[in-house]
Each structure stands twice: as C-alpha cells, then as structure tokens.
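Shared between the two complexes below is subunit A, which has subunit B as its partner in the first and subunit C in the second.
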Partner chain A sequence: MIASRGRQPEDRTTGWGLDRVTVRFGRLTALERVSLGVGAGAVTAVIGADAAGKTTLLRVLVGAVRPSEGRVRRPEKRQVGYMSAGSGTYGDLTVDENLAFAARAYGLSRGVARSRIGELLDRTDLMAARRRLAGLLSGGMRQKLALAVAIVHEPELVVLDEPTTGVDPVSRAELWRLIAELAAAGTAVLMATTYVDEAERAGSVLVLLRGRPLALGTPEEIRRAVPGELYELGGRIDDWRAWRRAGRWRVWSPDGRAPEGARLIEPDLEDGLVMAQLAYEASQPEVAA
Partner chain B sequence: MSQMATMAVSRRFGAEYAVREVAMAVEPGEVVGLLGANGAGKTTLIRLALGLLRPTAGTVTLFGSPPSRDTRRRLGYVPQSLGLYEDLTVAENLAFAARAFGHRVVAARLDPEIRASARVLVRDLSLGLRRRVAFAAALAHDPELLVLDEPTSGVEPLARARLWETVRAGAERGAGVLATTHHMSEASECDRLVVMVSGRVVASGSAAAIMGGMQTVVVTAVRWEDAFAALDDRGLPVALVGRRLRIPDRPAADVDAALRGAEVEARLEVVPATFEEAFVALARQKVA
Partner chain C sequence: MLAMALKELRQLARDRRTVAMMIVLPVVLLVVFGYAARFDIDKVPTIVAGPAADEAASNLPSRMDVIATHPEWGRDQAIDALRRAQATVVVIADPQHPAVLVDGANLFGAQSVLRALAANPSLPKAEVLFNPDLATSFVMVPALMGLVLVFIGTIVTSLGVVRERQSGTLEQLAVMPFRPRDVFLGKVLPYFGVAIVDLVIVVVAGLWIFGVPFSGAPWIFAIGALLFLFVALGMGVLISTVSQNQGQAIQLAMMTLLPQILLSGMIFPLDSMAIGVRWIGYLLPLTYFVQIARGVMIRAAPFDALLVPMGMLLLLGVIVFGLSVLRFQRDLAPSGTGSRHRRSEAEASA
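== the complex of A and B ==
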C-alpha cells in the first residue's frame, strides 16, 4: 500500500474509522486489512471501481456488516446517518412524508421534526416539491431528498454511498454544496465515489482496488507517493506502463529515466491512481511473469 | 459524407419536445462527445441517430441515407446496460453478435484477457472485463459509426484509459464515434463536444471554445468553514476542493466583498475554470 510517509493524516486517531479491517463473505475477501480515519469537519472519500469494496467498507463503518478482523470506531447509532446507493427513499411517499417518516424513526418530537424538515427542504431547494411523490422526482432531486433523509437527526457521522453516481453535473454541484455545508458545520463525512475529480475535492482519500487499499492520504500525498516519474509523449509508445490521456500518451517510469523525446510532467490525482495501479500490478508475480 | 447527420431534427413525446431542431454530424475518424444534464435529450438524440425512433420533424441520415436494416450493420452500439447475455459465456456472446452481423469471431484479434475468459459466463466476470467484452462485441464487425452511452462509468482510471484506447483505435481506422457522458474528464478524450440543454444544442466545438476563457476564483482561508459559510450565505456558487474553495464564473470583487462583509481573512486567486465548472455555469444560464 502506498501511504504518506512523513505525516499520518491528522484524523487517523481522533476521528471515527476502521483499523486493519478484513471482511470475508464465505470464500470471498471483500476487504483486506483496510484502515481509514474519518475526521470531524472534513470530507473523506473512498474511491474505487464498481465492486472494489466501497459499499462493504461503508456498511462496516455504520455497523451493518461485522468485520471478520480488525476494529471499527463509530459513534452511537443515533449519531450515524447513512445514505445507501440508489437512494433509500420511498417512491410512493411524498417528499414531506419521507422526511417525516425518518424523523419519527429517530424519535424527533413533532415540533423539532417540523422545523428541521422545513430547514432541510429550504437547503435542498425541495420546498416547492414537498408534496410530490419521491418516485416522480428527477434523479438529482431524489438524491438530494435521500441526503436530507440521512441527516434529518443531525448525526455526527454521515456516510454516503455514491451520492452523485448517475447524477448530472448541475445536480452534482448542488449535492456537493450540501456535503460541504455538513463538513463546514463540523460533521464527519465519508462518501464513496467512482469519480476521480470528485475524490479530488475531499480532504483525504482512500483508494480501493479489488478490496485492497491501494493508497491513502490527501490527493496531493497520493500523487506524490508513487515512486519514479511521469512523462508525456506525443505519440503511441509500446509499453505496458503507458496509457493514453486527452489525445497524448503518458508513461510511468519507475526508475525515473526519461524515454526518448518525452517531457517530464507533474501527475494529477488521476495519473497518481493509474501509476499506483501499475505499481501494484508490477508487484504481483503472476502479472509480471 | 458524414457517418451520421441530423438536420433540424425534433422529437416530441405528447406536448413535450425531448429534442428540438438539432443539427449535428459525426465525421469519419472523429470522436464527438454529447454532454447534457439528465433530461436534456441526449438519450432521445442517440435513439434518433440509431434509427430506433422516428423524428417528429427534420431528418436523420446514416452514411448518407435514412436509417434502415442496412445501415444497422454498419454501426456498433454499446448501451449503458452493456447489452450482453449474462447467462451465456463470453465466447457465446461474441459469436452471437458476430452471427447477427454476418461475420466470424477472429480470436487473434481479441485481447488476451478476454480470450482467457472465453468459457466464463458473463455474469461471473468483473464489471470492468464485462465492459471490455461489450466493446469487443460492438467493434468486431469494424463498424463505421460507434455509439457509446456512458462508456466508462464505474470503471477505474487505468481501465478507463484502456477502453478509450480501444475507441481511439476504431476512430483511427476511420470510424466516427458518438459518446454520451456525464463524466466531464471524459470530455477531454473527445475531438469535439456538443452540449445539450432542454432538448437543444447550446454549444458545440472544442472544450476550450465552449469554455470561452471562463475563470474561477480560488479562496484560501485559515478556516475554510468560515469562508464557506460567508460565501454560501450570499448565494455564491461555492465548492469545496480539499481545503480550498472555488467560485466559478463570478467576479473576484463579489467574492472579496462577501468575505469582507463577514470579516473572514482569505487569499484570493483567479485561475482558469475547469470544464465541469464551465458546463454547470452554461447549463444554469440557459435554464434561467
């Protein structure tokens, strides 16, 4: 695993999180020795492809999956808010009813619930849609409702499973504003995503590859942690460490030596993830053979 | 001759126009990205382009003639759902697609990982590999037009780069490519972009041309929380990136005034907007 060497992420011990957690489902290892800190007042992201283990990790943190090994630090149940992938709202209830139902489930008094729901409808711009059935909302509106439902009880820890997947860029920007508002108010936020540009917005990022932690740190730390250099070339190069990006070719050079005619460039997070995966694959005997 | 062209094409469902007077074309060897929010009309336009829907008005041509069974043979389509048979093996899926297009599977042309999984049921494949099989099935008959709906969603960056290499190889052989995406970093893989808002094409051209030099104000404050609250309260479109804040398409003076009003100390810097920021600003303007 590639982790920041100089400095541990500051939230590693103070916040909520996972310590060397392994999860097995029968013979399948869904997560292998994953550690992650989720600090208050910050957004932490877990990035990985579909089936990388993101949902399992989130479900371990909220207490829905028991780890086979390792420890979990989480607040009491009442202080956890969880938004599952693919919404978690009732399509045949109205926006108002979904929120009222969640408020009741968390035991909010009628008066508190009313003012909290009003505030949430306002912040999510769903006031005008409050009497519409959730099932008839656009994808972006439905995700905003699901987020509001997950935070109706003002939890200390909010866990969001791919809140912006399949959501268009305009709604994504709105969801991101709501998520940042939570962090600004001191909430610990953990979110899963498949989008690199989205992980780049988080304070710290855990990269999962097939259940294994590939990298952990700030986006800056992750892209600096891979050994060697990154070069850009004008044309195609026949090398398994090369890939095409935005019309040009990039090649990772583990020993730092420059291929002919190549230009040294500064990797961004996306490059960092590609290089981390290439480094990981190079370390696997069956692939290197 | 364009691989695909629409002229003033419209499609109405009841009283609602899903696509309105759209003119666009995909030339041989060109990769065109179709961008738009949900409900902007991308899927309807793709279905019109494939000849699956008839236009209410205007015309669609594929390879210079109206869509037909004949034109269907000359195009490859990878839907978002991938369109594979999950209870058939990889080899059976590829053979089925090949038979439908009247050719044979050439094993030597398949990438080694797909070849190694030939006898595996598609439902037992990793999602990344499943996507590569779908690409292989759609590309095997050397289509002259390739239509991709959200081609790389849910895929890690290395696998995404590899998929785009496949798409590019098709374009280099002369195929035209039309790809829809929500994923703004994918826009940089396209030669040209077409942006749809509410059924209409509102911008088209290179990413740089569409962005038109838009700028973003970057705010660095000791306490980002205070700066965020101050800007958010003023209704500025503020986004958190790490511990910095970005406010696209607004004058630095407005940002400065909001921060001063709330007595938040911060450093301001003006940088070029990202493509996603430009797209969101464009979509918001046109809707308003």
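== the complex of A and C ==
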C-alpha cells in the first residue's frame, strides 16, 4: 500500500466534495451547479472533453479556485495532495530532491520523510532514478514522480489532473496500480481523465459537458440511465444520430424505435457518454442561425 | 516566402509587447538620447568661501554657478562641503591662501571647471580632490557595480520566479500549506544572498583590478548596497508577476535596465540633462546607488550626507517590494474573482 496511515477501507465517509458549485471567470461560466462527493477509499473520476471544466473542478476542490456559488468540502491543506496537469515537479531538481522538498513543505520530520521517500521510490520503481533530474525522466516516470510528490505526506484527499495523459500503456497501468492502492488504503481519490477505460475503473464517475454535469454515478448507473436504445449497423444511415466505432456504426434511438436492419446492443460506458451528450444536445432549444 | 512572411507578421501582431518595443522604444531612445546624452555641463555648482567671498563671487567665470557664499569658511569646511557633494567647486577667497578646490568625483563638472579656469589666469590653479588624475575608472567602476547588481538582482530574480509559473509549479505551491510570505521570502532570499556574494566579488574586483579607492566607511556602502538590492530584487519579482514566460520577463527587465544605464548619471551627468528627462532619472534606483557608491568610495562621504539617496532607495524599495508582494500574493491566492490576466489563465485551463 502506498498510503499506510492505518486507515482501513471500511471506515469510509463521503466527506469531501462540491455542493452545487458554480464558477464564473468574468462572463465565462466554467462550472455550473456541479455537485460531487469524493468518498474515502474509492476513486472518483471526472470525465469530459477538453474545456469541459475538469481542471476547474479539481482546482476548486483543492482550493486554487474560489467558487462563485456553492459549497466546497475539503480537508485542511495538509491533508490534500494535488497533482496538476503540468505534473508540478521541478525539472531541474532530482527525483530525491523533488520528494524531499514536498516532504519538508508538508512538515514531515527528517526521519519520517526519509523512510516515506524510500517507500515511495520502491513503490513507484523510481529507486534507480532517484538521483536523476526530473526533467530527464521519461513521461511515465515523471508522472509517477508527480504522484509520489502529491502523496508524500499521506493526505486524506488526493486530486489528480489527468495523471495518465500522454504516457505509454505500461506506465499507465503502473499509475493505475498506484492509484488503486491509494484508494484501497482508504484515501479519497479524485482524478480527471479523458480516457473512458480509466473512468470505467472508477467507483463513481462525473461526466462534464461545457461546465455542466451531464451524468453522475457508477459506470453501470451511467450506462443504465441513458435514454433510448442503441443499435448497431454495418453502414451509415441518414436521419439518425450515428457514430462510427470499431468499423461499424452505432445508432442512438431516443424513442427506442429500431432502424431497418439494425441490431440492438448493450451500450458500454463510451457509448453511454456519447448517448448522454446527444440526449443533452437534443434537449437544448435550437438557436436560430 | 509570402506565406512565411504573412505567418511571421501575424505572430508579431499577437506579441503586443514586442510590437510596442519596436515602435515605442526607438522614439523613446531618440528623445532620451537627444536630451540626456550630453557630457557638457553649462553650470557647475560653486561655493565661494573665505573673507573675500562676496567680492570673489562676482568675478568668477559664468560657468561657475555660485550657489552660496560662506566668508567664515576655511579650507576644512570647503573640503567637507565637497565631500558631502554640496557643490562641485569651492573657491577659497582668502588673500593669504587662495585656492580653488574641485570635486574630482564629479568628472565632467571638474573637467568643465578646469577648462573655464584655464581661460582665466587671474584665478588660482585648481586643486582636484578625491580623484586628482580625473581617472574615468574611479567614477565608472562604482557605478558599474550598481549596474551589475541591478542586472543580476532584477533579471535573475524575475527569471527564477517566472520559471515557477511557466513550469506549473506555482499552482502546486498555492495548494501546499505555505503562507504566501513563506513562498515569497523563500523565493527571494536565495537571490538576495547570491546578489550579496556578487556585490562582494564586484567590489573586490573593482578595487583590485582598476585600483579604485575605497576612501569611506564600508558599513555606509553596505547599507546603500542592501537598500539598492532590496529595490532591484523587488523589481525582479514585480516583473515576474506580470510576465507569463521567461522571454517576457527578460524583455521587461531590459526595458527597466536601459533607462537606468542612460539616465542614472552613470554615464551622462544628471546636471547636463534637460529637466524633462532628468526627473525620470530621479525615479530610478541606480541613480541613488551611483550617488552613494561614488560618495562613499571616492569622497568618503559621511552617512548623514547620503541620507537623501538612502531615503529614496528605501522609499523606492518599499513601493516596489510592496507592489511585488501584493501581486505575488494574488498569484498564490485562489482565483475566480481576479483580473483579466488571471481570468485568462483560468479560462485556458478550464
């Protein structure tokens, strides 16, 4: 386990999160009435396209952005670990020095810091690279270092902004192992991602679209909540909302009516997200051109 | 080729600071150079001392601008007045021991007086004090020390702080359990330390290589230099808080350095500048460091004679440092209700 503060996965509370939070930057509304609970001992994922408001939501939770409306529940600063999208590590410091700085910043004593850094270097397989400059690490290694920096002080809440974006599949798997270990040790983990397969592994998922909450629940709940039916076809069909996937066409039927020659299929989370977005757009009043 | 040129023009048009620098800077430089780049001093501040002071004052060459007469003064008071930079020349109108004492630390003023006296054989031969050979290095090295310090203090500090923003680690610091003043002081103090080491190296090199004298009290110089570093580092932090990347920081820092080189009295004497340009010089920290460094090193000026430049550096330091602390704290504070600049940052990451 990475977080070894002795908290057990079973002592869970839904402590942290946002209640109807709205964030405005001038005339731009980055988040609109978003609520989200981040439970201890679980991974919560925020998924959405670029500019959906994922980073703003994370920054609100860690206290880097003040909400215009709504309430934020977060632990005191020392109990929050944050990994920003830019990784937040110092490229001109070594792996060891980056960790030592974070440990000192969070007030860890020298002895505790030393053993904690050793433990994290082991867990992240960075022991051999401990004297290497962070700027010279591969993308995956640097992300692992950033994660280690974010959790060096064993926080209760860990917030990760797209921790696996741009890293190779092996490093992604390793990062996920580390994140899963964190949750298993009782830490509340909130992460933003653009990958549906990652969101699928999370305990609960918030889907954001242009700053608005589109869906919230377990991946299964989100799949089930999508209105209408999903069909599969070999070719494109006019007048239906369809998208191409794995060489075939998926067709969303809001009223369940089947297109000719189509086969009814069970949507997975990726289909569910597309359908939720289509349903949302269909519900919006058309703007005259 | 046309496609390349069009792309370049578009990029240039987006970089407003560079466009401003390309258009405004040549005009500013031309005007400033025109009014500031003069070595001739038309009026040299002169005190006439000795029993026949009043009579002598009316017979001096017009270039020697009599600002006061002190019939009761002797040679000691005259030297003390020069040490305190109250005048560039003191004429001692004493029938027994007539003398013209000239402040050699004011290079161009002294040269101007010597030329005027050479054309007037009825006056006694001038005695140049503090810098008898009128060596340029005596005058330039103390000023160059200031330039080196402002260069390091401003540019290096601004780069150090802006690097934090550019690498995204400033955001990380904002969510760590630091108080803004911990981050600010933790960021600035190392540069302060390095600048002090630089100061010692520059002073030792100046004395050793150029043989510049250090006539005054080192502690007075040290106070002046620390006050000056206080302003220079504050400028560095201030620049970093209004720059998004290191390129912008360097550009801005250079824009603050150029007027200091031209208008601080380091090269062109302040007395020879047109008043419209001279007041800019009075807003620049290097102006006051040059006065302190030359005063202490060459003339052995006492502390109370340097109270004005010291006070000005303190005032500039408080203003610049205060502004930089405010802006820096804003960078670390949660965003959401900030300025357009902060909004655009937040929007970009939304």
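Descriptive notes on the structure:
FYI, the second predicted complex is superposed on the first by the 272 of 289 C-alpha atoms of A that agree within 3 Å, B and C clash if a C-alpha of one lies under 4 Å from a C-alpha of the other, contacts with A are read in each partner's own complex, and residues count from 1 in each chain.
Quick note on the criterion: contacts are C-beta pairs under 8 Å (C-beta built on N, C-alpha and C of every residue); 3 or more make two chains touch, one makes a residue touch a chain.
This structure is a prediction, so every number in the text was calculated from the model and none was measured.
In the superposed model, A:G88 makes contact with subunit C only, not with subunit B. For subunit A, the partner with contacts to more residues, out of subunit B and subunit C, is B.
Once the two complexes are laid over each other on the shared chain, residue contacts for A:D197 go to subunit B alone; subunit C is not touched. Overlap of the subunit B and subunit C contact sets on subunit A: residues 51. Contact residues on subunit C toward subunit A in their complex (touch as defined above): 167-169, 171-172, 174-178, 334-337, 340, 343, 346-347, 349-350.
Within the complex, the subunit A residues that touch subunit B are 41, 43, 48-52, 138-140, 165-171, 173, 176-177, 179-181, 183-186, 194-197, 200-203, 209, 218-220, 243-247, 270, 273-274, 277-278. On the side of subunit B, the complex with subunit A involves touching residues 36-40, 126-128, 153-159, 161-162, 164-165, 168, 182-185, 188-189, 224-225, 228-229, 232, 237-243, 274, 276, 279-280, 283-284. On the subunit A side of its complex with subunit C, the touching residues are 23-26, 28, 30, 51, 53, 55-56, 59, 62-68, 76-78, 80, 82, 84-91, 102, 105-107, 211.
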